[in-house]
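Presented sequentially are two complexes of subunit A, the first with subunit B as partner and the second with subunit C.
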Partner chain A sequence: MDLTLLPQALVSGVLASGLYALVAVGLALAIGVIGIVNFAHGEFFMVGAFLAYQLFVSFGFDPLLSILFVAPVLFVIGAAIYSSTIRFVLKAPELNQMLLTFGIGIVLQNLALMVWGGDPRSIGGVPYRAMGIQLGGVSVGLVPLGSFVVSVLLVGALYWVLARTPLGRAMRAVAQNRVGAGLVGLEVNRVYLVAFGLSALLAGIGGVMIAVIQSPTPTVGLAYTLKAFAIVVLAGLGNIRGIVSAAIVVALAESLVATLVPNGDALRNAVFFALILGTLVYRSWRRP
Partner chain B sequence: MKKLYAVLFAAVVGLASAQPVTIGILSPLTGGAAGTGQAQRAGFELALKEINEAGGVLGQPLRIVIEDDRADPATAVAAFEKLMTEDGVEFIAGGFSSGATLALVESFRTFQPIVSWIGGASSGIGNDDFDGIEELLGQEEWFFHIHPWDYQNVEATFDFIRDLGVQSVAVLHEDGAFGTPGAAGLEAGVEAMGIDVVLREAFTSTLAGGTGDFRATLSKVGAANPDMLYWIGYDSDAQPLSSQLKELGVAPKFVFGAPPGWPTGIEQAPEMECVMGLIGYLPNLPNPEAVAFAEAYRQMHGTYPDNYMAALAYTQLWSYADAINAAGTTDQAAVIEKLKTMTFRSPMGEWSFKPSTVAKHQGFGADMWLVFQFQNGVREIVWPADRATAPLAACR
Partner chain C sequence: MRRRGLWLDLLAAAVFVGLLAGLPAALRAAYGQASVSYLALGIRAVGLAVLALSWDLVARTGQLSLAHAAFYGAGAYAAAVLLKLTGAPLWLGVPLAGAVAAVLALGLGAATLRLYGIYFAIATLAFAEVLKTVVKSLPFAVAGGSVGTNLPPLFRPVFVAGEMERWEVAFLRNRGYFLVYLGLLALAVLVSVLVQRSRLRYAFTAVRTNEAVAGVMGVDPARTKLVAFVISSVIVGMLGAIEAHRFGSVNPDATFSVHTTVLALVTPIFGGLYTTVGPILAALVLSGVEETLKRTLADGYLVAYGVVLVVSVLFMPRGLVGLLRGLVRRERARRAAAAPRAEALGGRDA
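The block that comes next holds the complex of A and B.
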């Protein structure tokens, strides 16, 4: 165990938590507001990544700039999927809802396979991708720093919308009681549509960031969907406010294990599964 | 009445013999290894077109049935059994992923068709705790393996590494059936040359659910300060490994990657400059078959082949067609004999099945591999010298 690597592990873990939080908060929004466990969340992320890739290849758009295009497109895709499929299963058993979202994920994955093929696609000339600022033996990468800042701003903006705006109050109201919110005049379906669109938008922006970090494939969303589920479970299903702290716990735990344990990077998946297991056992033990 | 039966019998036999030869193919068309599967499919499609334009197999157009195994063990077994029972094929081709291949071993033994298998490079040689594909299937008369075994993959670079004059190597590898035995073989071979392996570390590949954050592992490389970093992983690991290495300021003299392929467009990334890699085929390989294959591929698919699995799939289907035509029958023993004794053409040059450490029928060996280096956005072949397109650039 080389403790001299600890500062780098802490910095890398905290910076990674931003993207984790961004992806997880979208998933939590769908679960918390609409009550849908969206297994296609990672595919929104993947679509965002491929759109950023395509904008770069076709028009030379810098990926950061492409967020301005990708975000509204993903909102529209999310809203369209909600209107055409999700809203019809809101009162169906949970298993049906999960199967539907799982199917949507498979459809999106295979559409991507048809359009972009199965090869990983690299956004070639991004001049800042490999840049890092050296601070006392610790490297702060521009890309992880940028994705952390963007994620914090977006998650903060979402919290502000939920806490301070009429739309946010409407979302919280339908989350608490769908029927009651409808009785007092809220258009529940419209609130759900906006929430699902926002969820897809946040995942899509996360996807743009991953298009810079790695090479997108049709299955690139899977890893982040798993992380997002771990974070959502850790925060408590539907608890949007707990997402940031849960993301920091997951990202730091992974980074510390990967750095301080021999072959620790190979244990990354074990770390978040252990966190899910530990959380569920703790919750069941706490509740008599 | 007897005459009528004789005519009917002759007609049935005639119809049966006029059935086109069908080859069943298993390939990961979707899922995490879809890049490889799609490349294989593109190679099969080109070979099929050329074979049928050249007269087909036994006077009939050749047929192929491609099943998607997703490089997933359970899916691969189901897809193989479907090919054998529903499609009734006698010849199996395709193949990728050691994990999926290991799952297929018992099914192969149950049905015992002729299996010509591209991937599944995990030999098990040198690993007492693990029975690999070469150990499990290599002695079977009906099993033919095309891609070099894992130990041949790393053997190919030993001479190159020695020529570089490095004193120490750090080995990073994905933690699956592909990277782990390969890293073990690399470590043993490099140490036998008197070079220190200062770090050997496993990582979660992006293909296996990893997020592509390799900073923790690369920090360990920085602390070990090797002359050379050698990593064994998958295509989609290449970009984050290379960019994060620079981001962290970790700068070994040489960086060498050994994934099965490289992402489309990665050569344009500035951080890839000087990174070296192992590859089985490149369109700029200086031999006429390579050029002809590249041009035919571009005409059919619109781009040059950038994954050597396309060349291997093309080669595999042609070898089946040549062997069955030479045998003049689909009889298993006759086709096996031709596969064992014939020399085939390929974009990589002439080749034939020869014994390897355990296997009776191994196609390509260590000499298939080329070392390339990213130089100014192009993959230049820098080793071996007789096939080099540019000298090795000294970058650090």
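The block that comes next holds the complex of A and C.
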């Protein structure tokens, strides 16, 4: 174990946590506000990635610029999916909701496979992709740093919306009591629609960033769905505030093991899920 | 207890399995060489039915398991490693696979079955992902690392020149596998029927509906859930081993693929949960639909498959079985409404 790498691992872990938090917070919004277990969440992420890729290839859009286009498009996609399908299963059993969102995920993934094929794609041509800053022996890539900053801003903005704005108050009210919120005059369905659109939007922006950081294929979605679920569960269902700390914990654990343990990169996923499994088992055995 | 129901169900199951057992011969007589690929489709459908029915057994206790890929993969690897390291007889891997899966299910279940809903689901999913990595990092000589390892086929029909045609070798091999899969399905159906027609059914339903009440009525929720979980995993483990023999190899990413878990839960929901017929019917229908879409659409047939799932949730929330029951009920209501009127008019009873 080489401890000189420790600061580097810590920094990479914190930077990676931003993206995790961004994707997971969108899912937490869908689960917490609407109560829908959305297994297609990662596919919004994937669609965001490939839209940004296409904008870059066709028009030379910088990924930062394409966020401005991807965000509204994903919001509309999310809203359309909500009002055409999800709206009708709000009171159905959880399993039916899951089957529905699995179906939506399969459709989105395979549409993307038809359009872009199965090869990894990335936005490799941006000039700052290889740039970075050196800070006392720790190198910080400009892209991970940028994605971290964007994620922090977006998650912060969401928290601000939830805490301070009428829309946020409406969302919290609907999450607490669907019927009561309707009785005091909130248009529950519209709040759900906006929440689901926002959820897709946040995932989509996360996707734009992964297209710069890595080289995703159209099948990348499921992995992020599962990871987002794991983070949401680690934070506790309905606990949107806990997402950030949960994301930091898993990202740090991943990064520490990947850097410090020999051959640790192969263990990345295992660490992530072992942590979740451990937490859940602990939680189930802890005396209430 | 409902003795008569039990015997009727067993009879129906025996007839169903018996009819399927005659399928290879019928296909061969009807289609000749093409029967080889029809039989391959049949194998996939029966395999899917086994997977779906075993998942439904767990679902009946209200638990949403995402660990089926883990038991499937563990079974496959148990058989592969056994045959690689020892000179054990070819078929010993299959029961061993069931045993290994049962031990894993016992451990995982004991640790996590007090979780409920999505927490349990994520815990089982995490277990599957961890197990995949553990298998990947086993010594290369044991499990072949991330490349995997090979298994011998269960059936090796020999080509006899002059007495048979070339394709008949493939036919005999597929027939062999089809019958083994069918045997496993028969076992799964037997278990499912016995559960449905015994006190276990009430225990399962009570635990699913309300654990606290079930406890008050003298049903131990943890034990009931564990029973379902272990039975289910044995069946899936054996399926994994047989399938590994058929594919000829195991490999961590493919053998532990989440896809197995997804199929295991999509199929029973599509067919109708908490029934024996639903998952089987759905497996047959979905395999047929998938194959037809694949042949007619080629590229992107999975898009249409996804649309089928979405539409089915929206328009038949209780699955195929619920749809059929609804039709039967409506027909009865129509007849009941029509009968008195027919009498009043002096007409004949329809």
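As a working rule, the second predicted complex is superposed on the first by the 285 of 288 C-alpha atoms of A that agree within 3 Å, B and C clash if a C-alpha of one lies under 4 Å from a C-alpha of the other, contacts with A are read in each partner's own complex, and residues count from 1 in each chain.
Methods note: contacts are C-beta pairs under 8 Å (C-beta built on N, C-alpha and C of every residue); 3 or more make two chains touch, one makes a residue touch a chain.
Since the model is a prediction, treat every value here as computed from it, not as a measurement.
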Inset, instruction - Return fit or clash for subunit B versus subunit C, each positioned on subunit A through the superposition. - result: clash
Inset, instruction - Give one of first, second, both or neither to describe whether A:Asn110 is in contact with subunit B, with subunit C, with both, or with none. - result: both
Inset, instruction - Mind telling me which of the two, subunit B or subunit C, contacts the most residues of subunit A? - result: B
Inset, instruction - Go through the superposed model and pick first if A:Asn269 touches only subunit B, second if only subunit C, both, or neither. - result: both
Inset, instruction - Classify the contacts of A:Leu10 with the two partner chains as first (subunit B alone), second (subunit C alone), both, or neither. - result: neither
Inset, instruction - Pick one for A:Leu65: touches subunit B only (first), subunit C only (second), both, or neither. - result: neither
Inset, instruction - Pick one for A:Pro218: touches subunit B only (first), subunit C only (second), both, or neither. - result: first
Inset, instruction - Classify the contacts of A:Leu226 with the two partner chains as first (subunit B alone), second (subunit C alone), both, or neither. - result: both
Inset, instruction - State whether A:Ser122 touches subunit B only (first), subunit C only (second), both chains, or neither. - result: first
Inset, instruction - Figure out whether A:Val161 sits in contact with subunit B (first) or subunit C (second), or with both, or with neither. - result: neither
Inset, instruction - Determine where on subunit A the residues touched by subunit B overlap those touched by subunit C, and list them. - result: 109-110, 113, 222, 226, 266-267, 269
Inset, instruction - Going by the contact rule at the top, pick out the subunit B residues touching subunit A in the complex. - result: 28-39, 175, 201-204, 206, 208-217, 219-220, 223, 235-236, 238-240, 242-249, 261, 263-271, 306-307
Inset, instruction - Can you check the complex and tell me which residues of subunit C touch subunit A? - result: 59, 64, 111-112, 114-115, 117-119, 122-123, 125-127, 129-130, 132-134, 136-137, 146, 258, 262, 265-266, 269-270, 273, 299-300, 302-303, 305-310, 312-314, 317
Inset, instruction - Name, in rising order, each residue of subunit A that touches subunit B in their complex. - result: 2, 4-5, 8-9, 12, 16, 57, 109-110, 113, 117-127, 129-132, 134, 139, 141-143, 210, 213-215, 217-220, 222-224, 226-227, 254-255, 258-259, 262-269
Inset, instruction - Using the touch rule from the top, collect the residues of subunit A that touch subunit C in their complex. - result: 37, 85, 88-89, 92-96, 98-100, 102-111, 113-114, 222, 226, 229-230, 233, 237, 266-267, 269-270, 272-274, 276-277, 280-281, 283-285
